[in-house]
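Structures follow.
Below, chain A partners chain B and then partners chain C, in two separate complexes.
Coming up: the complex of A and B.
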């Protein structure tokens, strides 16, 4: 394993920790809200349109969504890349897989980021 | 082949190799589940980007998507995503701890009878899998409440 591979692996591991924290919070807040209410004492309906708008107005939520998307995509596509190159390890195949993973990552990241930032701008515009 | 080039080994087992725990025992199967849950989460994330993007088209579009998520089959799939996340996250914690040399015991000289570091980390694995199981059951109380 060369130096670049080790750096990618380390970034992947760090992304995993970030995703664990951010996605854990996201899952608890969005989908386990009633269980969370037992702990924190208050309950809202996070998927109601009004609540979606409140989060859309928040710069912190907008930035954290984009950050979560980026780290989750890197972590997920790094894993997919590892699995695929284990099966098809030839030089040409490896280059094709790397290109495919990066392309998918960039497309998904741009789609999610444009949607999130556009929604933020729509909700903060009077 | 020059001395500077590492020897390349051909992967002769391929993906079938995932199914064989081999000398890694139970942890070998966690490795299989880690990969399957990771692929499922990546697939879900890709779909999630487009589904949540519906909020850009206003309240009516959002409510329409939310109505779809109340379908029992979709709710069951959501629960499976939660199960995959909990397992992948806690097993990932175990893998990172082991990767950094934690929870595998102190290094020892290789004196026969050899001790396997698998046994040293097994308590951690069992503890984390118990927490995984508890969280999966707990999440089921909320995520599997089908309407009607």
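Coming up: the complex of A and C.
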């Protein structure tokens, strides 16, 4: 496939930007809530059931989490693929590593997406 | 200013006929201000050990032959002054990432094989420039500036020695070949982008540069290979979204020589003919 490596590289760079934004939001909302409260003036405990329920019911949160999962997996596994193929640079090793990374990525993505969407469906009020 | 003093040169030696592995040898020589590392090597060879081997040629930083590791950093022996490095101890070893032939001499052929693979010459889509010897490939000063910096490369291999990706990935092209490829891709007279693209974007191509920047840090000619590689990534990404074929380079220009005028200009003056007086 022509230019496949450049296309993967470009997607990896774009995923890095997306991860920065979405992960930044996740970190601010979930783990730096006290710090955020200083900025926005109010604080809610993100792990309280009411808050969890709100996020679960929100289609925006669900889609964002799936998007974050996909881009983080691609970015991380692209980096792992690069490290491994630089260490083992033969063609056969490259095919094996590519297959392994794609397999791990697809399995983890499907697992995470099923979990996220299932929770969304459970929390949505019928 | 420092006076003459003894400086210890520790050199990583390897004699393939007798050594199983490289080893360090120390030579103490008189050094003075203004003396280069290359001068030191000559002094060692002349006064102490005539078996010491290294490459050199121009002695003035334009050929790239004398690249070596000087106190842990790739550089040229001919334009590195001993007292700028250390008046006490200078450590010399062959450039990293290449197999050693003998002492400070390494086998650079893998780098030049990569270089050749990326077609480092002007490629034309027309044949007029080849068929018409009177033709010129006109280039504006602005077009020259696009690649001039990258044409200063002297192929010394200091950048390849410093590259951490080359250190672990023997298939990666390396900074010098990639910079040479960009030098020609950026040349307005060249039409070889599509031919080089395949080699650049294949397995372990330009996308494996992680922008460590060590190549630019050690380059003795200010070429900035890291910049060249990032510019090339930009061009390759832009090419992914290109829908129309690339604009070919300007055709060769016909330069008309007025042979009569040239002959008259070159003819020596005839002193028998009276000069016309100025009015």
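As a working rule, the second predicted complex is superposed on the first by the 122 of 126 C-alpha atoms of A that agree within 3 Å, B and C clash if a C-alpha of one lies under 4 Å from a C-alpha of the other, contacts with A are read in each partner's own complex, and residues count from 1 in each chain.
Rule of thumb we're sticking to: a contact is a pair of C-beta atoms (placed from the backbone, for glycine too) under 8 Å apart; a residue touches a chain by one contact, two chains touch by 3 or more.
Please read all numbers here as calculations on a predicted model, not as lab measurements.
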| item | value |
| --- | --- |
| Contacts of A:17 with chain B and chain C, given as first, second, both or neither | first |
| Contacts of A:105 with chain B and chain C, given as first, second, both or neither | neither |
| Which superposed partner A:76 touches (first chain B, second chain C, both, neither) | first |
| Partner chain in contact with A:87 - chain B first, chain C second, else both or neither | both |
| Chain A residues touched - chain C or chain B, whichever exceeds | B |
| Chain B versus chain C as contact partner of A:6, first or second or both or neither | second |
| Chain B/chain C common contact set on chain A | 86-87, 89 |
| Chain A partner contacts - residues on chain C that touch it in the complex | 165, 168-172, 197-198, 201-208, 210, 233, 236-237, 239-240 |
| For the chain B and chain A complex, residues of the former touching the latter | 8, 10-11, 14-15, 35, 38-39, 41-42, 45-46, 49-50, 52-53, 55-56, 59, 62-63, 66, 69, 78, 82, 85, 89, 92-93, 96, 99, 138-139, 141-143 |
| Contact set on chain A toward chain B in their complex | 13, 16-17, 19-20, 23-24, 27, 31-35, 47, 49, 52, 56, 69, 72-73, 76-77, 79-80, 83, 86-87, 89, 104, 108, 111-112, 115, 118-119, 122 |
| Of chain A, residues touching chain C in the complex | 2-10, 82, 85-87, 89, 91, 94 |
